[in-house]
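This report refers to the structure that appears directly beneath it.
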Amino acid sequence: MGKGGFYLETKGPIIKFAIAEKFINLARANSIWPMTFGLACCAIEMMAAAMARFDIARFGAEVFRPSPRQADLMIINGTVTKKMAPTIVTLFEQMPSPKWVIAMGNCAISGGPFVFEGQYNIIEGIDKLIPVDVYVPGCPPRPEGLLEALMKLEEKITGTRRFPIPEQKW
Amino acid sequence: MMNEIIQIVGKETVRVVIGLIGVLILVVVNALMLTWLERKISGHIQRRIGPKEVGPFGLIQPIADGLKLLGKEILTPSNVDKPLYFLAPVLIFIPVLVSFIVIPFDVCLQVKDINVGILVILAFSSLSVLSILLAGWGSNNKYSLIGALRSVAQNIAYEIPLLLSILPVIFMTNSLSLKDIVEVQREGWFIWKWQFFAFLIYFIAGVAETNRTPFDLPEAESELVAGFHTEYSGMRFALFFLAEYTNIMIISAVATVFFLGGYLGPFLPGFVWFFIKTYLLVAVIMWFRWTFPRVRFDQLLNFSWKILIPAAFINLIVTGGLLKL
Amino acid sequence: MVKTVFDDIKNTLKGVEISETSYDERGYHLAIESQKANIINIVEFFDGKGFYLEDLCCVDYKDYLELVYFFNNHKELCRVKVALKVESDKPAAPTISRIYTIANWYEREIHEFFGVYFENHTNLTYLFLHDEIDCYPLRKDRVPVTEDDRRLLNSFKPEEYEDGFFINLGPQHPSTHGVLRVVVKMDGEYIVSAEPVLGYLHRMHEKMAENRSYLQFLPNPPRMDYLGALNYNLGHVTTVEKLCSITVPERAQYIRTITAELNRISSHLLWVGAFVADLGGLTPFLYTFQDREHILDILEGIAGSRLTYCYFRFGGLYNDVDDAFIDATKQFIKHLRGRFGMYEKLVTKNVIFINRVKGIGILEQDKVPKYGCSGPVIRSTGIPFDIRKTEPYAAYDRIGFEIPTGTIGDNLDRYMIRIREMEISLNIIEEAIEKLPSGPFKAEKVPKKLKPPKGDIYHTVESPRGELGVYIVSDETDTPYRMRWRVPSYSNLMTFPYLAKGELISDAIATLGSYDLVIPEIDR
Amino acid sequence: MTVIVEIIKGAISLISGMCVTTKAFFAPVVTVQYPRQTVNISPRFRGHTKLVADEERPDRTKCIVCGMCERNCPSGSIKKVEGEKLEGEKKKTATVYILNYTTCSQCGLCVETCPADALAFSADYNVTSYKKEDFYYDLIKEFDKRKKA
């Protein structure tokens, strides 16, 4: 970890078996364990997604691991300050690959409403520090947004979307 | 071919080897099932569904979890004490395998009937403390260390009432063999024959032995992040996970054998009864977890030393007095 | 009270410039101009009278800096503003942290943001800001960090020079509900000392206020305290309304009361769940969230969002409520009343729970003024202090309600008070709905560009966590010259090092949970 | 003796707690299974803003390109509002309206201050993407998309 915010690139396995890989990817996509990690407002909505009404457990993602070593997914849910940034990079590095990142909420995406000229304390977008897989905008996004992001992540891992797309409410 | 092998190594060895393979499969399948069961039970207690989208009723969920953990990067933190760090997950898994050898699932469904069966289980289950200690020390993490130390103190404190609560049953059967103990209960289960309190004490101590809520201090999530396995990831973490669930199974199985008449029961085959009883106890342990908060460390030890152990002793003396006088 | 304090100061502290001010306009009763030489005497005077330090902040007037001390009394409302001018280059002032413990943190904060040096302060290290900061952020002109202070940056590293078993609770730790970091020195399982480190979520709200108009600052307060968003929204709006003397129609006042109370319940519900989760029981957490979802639905129906509502406007509301809202609220009141029995069985009467919280984290009543804590934390010690009663805003003076108090100030008291407060909030909502008048929901003549008269104002509201104070200095433009937020969690958390000392780590985590901390509120 | 009474009392409290969870176990679940079912979202829900169609000319928006929203936005999310005066018309017609949703805080100031009532909140409650550039909406294009749908 450097102060500039570089993360260590971990190499994938040397030998790959296509079918096994596909199978394991399917398993991975359906067993995403997020890290217990709350930053700000969006953390409450992340909790709400894990609660009875939205129940992230249906997709096997309710196993919130407090230790980064056992987590697959890091949900950046809130403003990342310059004081917090090194910690986040460390946590990300401590996760064993394959690992994914969801930037939840506007603060994580771009600094959100806290960007102004002369700001001295926030990182304008977590993608400047670590690679982000799925972005969920909103301030904060509804829990459905997070569930949708989980499905997007599954689509990214396996290549297909398993779930129906809910009706758009224009 | 088969006959030749049997002739060379002896019938008993083949039986044990087949049994061991069976036990291995049982342990893995059981642990996977239990994770599913736990998530389903917790889900419904909390009025949600739990795993659902992965396979019918989410039944494939544990397999997906297992595969995923297999496919994780093998990660070793830089400052760990490597031999101990590698040894701990293996060491926690072996004793739970051995324990299953002596458990009678049915009249003739037992890998080996050893005449000191219960001692084998108790001796090997104590070994898990050692591996937790190794994991805590080897991880070079403060949370792990505290978790490990808590675990040691807790396990020592609760091993005593555990032992004391099954002693009266041994008094009454005059045997340490699990099969004999079950056979004696043809005349009535021990839970109804004088030993209800012994069963309660055993069960509470058993919950504590398996580090489950309300006694889950070694891995207290809100205090110690993940306790002794904070630094473990991927398959090594899975082994801890597996061992935890298998331990629950063992504790419940021993309770079934000692107090609930093991495989005895009408109509259904013996092993079905055995599993029904065992899984009921497992479900109760899970029920505990999703109802109660966690006790504090000093309360935990106080409860064992000041209440459980004296109560177990009184029970032992009363049983001994009634039987031998 | 005001008169006697005025006379006492005149008699005992000779040569102090004291004047009476209009409470209705300024929000404080007395104003004192102090000098460096006599500030300690003045503070000691208030300490002797049992006043608490409500707030300590700094305003940069370019030619000089002004330190503003607010004192208030828990027994009877008497707010005193003490101003101390310090020169703008190499500013220095005597520390009052020996007299008021909470001043320790306030002074550290002012030191970071304004560069004021407090003489004889025991630990003037950086509390909020990150290592690479190169100026004092809240100064009007860009003032680079002095060489002395540069050395202090990130100097708080207890692990390096002390021999002991240190544990970092946070910034990522399941128990801190956010990004608080507490450095704990341990002896076995017992805590020798605990030192919170703040600033992991410092989002520059006070700086932003100086860059935006009053109107444009509206989305910020809800994000300071995302659980009591409407209360913060209300704090901001009422202060500006008072400053610009805007009258708000009755209907809007009542709706403000109803929604703010609903928000309070949702905040308390979440706390109950999170507190029990800290103690290891996860299921109540899900049950409280389930009840909370009802409130979120109701509030989403009028305010449009689930968490960070931006609903109140200067002079009224964003939009009116409809019958569906009233019906849903009534239904919710009925629903929640039926749930209390369940919580009692599951949590309140549970023997494990009681043994975990009873007699733990005791805050004595006489310590309270030193820390200036508020909300359920102060009420647990037996002091019936509630801004809704002492300085009623919205429609609280037209609604009868009681203030629950505890007896010994332990974690159980804090838990019981919050449960009781939820019940009382339900009563308030019920009464407010009954009395809800018809009429406009918005004042007619609110100028698009607010230009309040010159001067300052201090106004408080009761957020779910305690006393929220807003101090605005206006310079007749549409942006505040300085907007200072006095947040309850900050002073509540200050008691943690005192309460945690000698406790077991599991108890300390329960105590930390009992404050109901919201980190962005502390860090601002 | 008191110890025994306390133990019994404690045990009763634990059992009553377990009764609560048992009741909940058999109670119906409250989960709304998101991709298959959706929660009823209030019409006042605040998603990103959208432009409202003019009643007289439904193919165009009400926007008169006055720039009020742009000036009033607290976080400068409204990047560019441009329009042109079509021949024979008094008001301007918007051609470009770029909203940077990633800095929006859904406060509603733009909707409130719009003199033409041309802005409203959309009900896009579940937007996600692999790229953050996807949230730089051109509301005119969004308007056209919605019109087709």
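By written order: A, B, C and D. Residues from 1 in each chain.
By our rule, a residue touches a chain if its C-beta (ideal position, glycine included) is under 8 Å from a C-beta of that chain, and two chains touch if they have at least 3 such contacts.
Every value quoted in this text rests on a predicted model; they were computed, and no experiment measured them.
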| item | value |
| --- | --- |
| Result of counting contacting C-beta pairs for A-C and B-C, higher pair | A-C |
| Rounded Å distance between chain B and chain D, as computed from the means of their C-alpha atoms | 49 |
| Length of the line joining the C-alpha centres of chain A and chain C, rounded to whole Å | 31 |
| Whole-Å gap separating chain A and chain B, where each centre is the average of the chain's CA atoms | 35 |
| Junction residues of chain A - those touching two or more other chains | 36, 51-53, 55, 58, 66, 113-114, 116, 139, 142, 163 |
| Numbers and ranges of chain D residues touching at least 2 other chains | 14, 17, 20-21, 24, 29-31, 33, 41, 74-75, 105-106 |
| Contacts with 2+ other chains: residues of chain C | 173-174, 212, 219-220, 223, 283, 286-287, 290, 305, 308, 346-347, 350, 352 |
| Topology of the chain contact graph, where touching chains are joined (line, ring, star, complete, other) | complete |
| Interface residues, chain A side, partner chain D - complex | 52-55, 58, 103, 106, 109-116, 125, 127, 132-139, 141-142, 144-145, 147-149, 151-152, 156, 163-170 |
| Partner chain C, residues of chain D touching it in the complex | 9-11, 13-14, 16-17, 19-21, 24, 30, 41-42, 44-46, 72-75, 105-109, 112-113, 121 |
| Footprint of chain A on chain D - complex, ascending | 29-36, 38-39, 41, 47-48, 50, 74-76, 100-106, 122-132, 134-135, 146, 149 |
| Chain B - residues contacting chain C, complex | 42, 45-48, 142-143, 146, 150, 213-214, 216-217, 220-223, 225, 290-299 |
| Complex contacts: residues of chain B adjacent to chain A | 39, 43, 46-54, 58, 60-61, 63-68, 70-75, 77, 221, 225-226, 229-234, 237 |
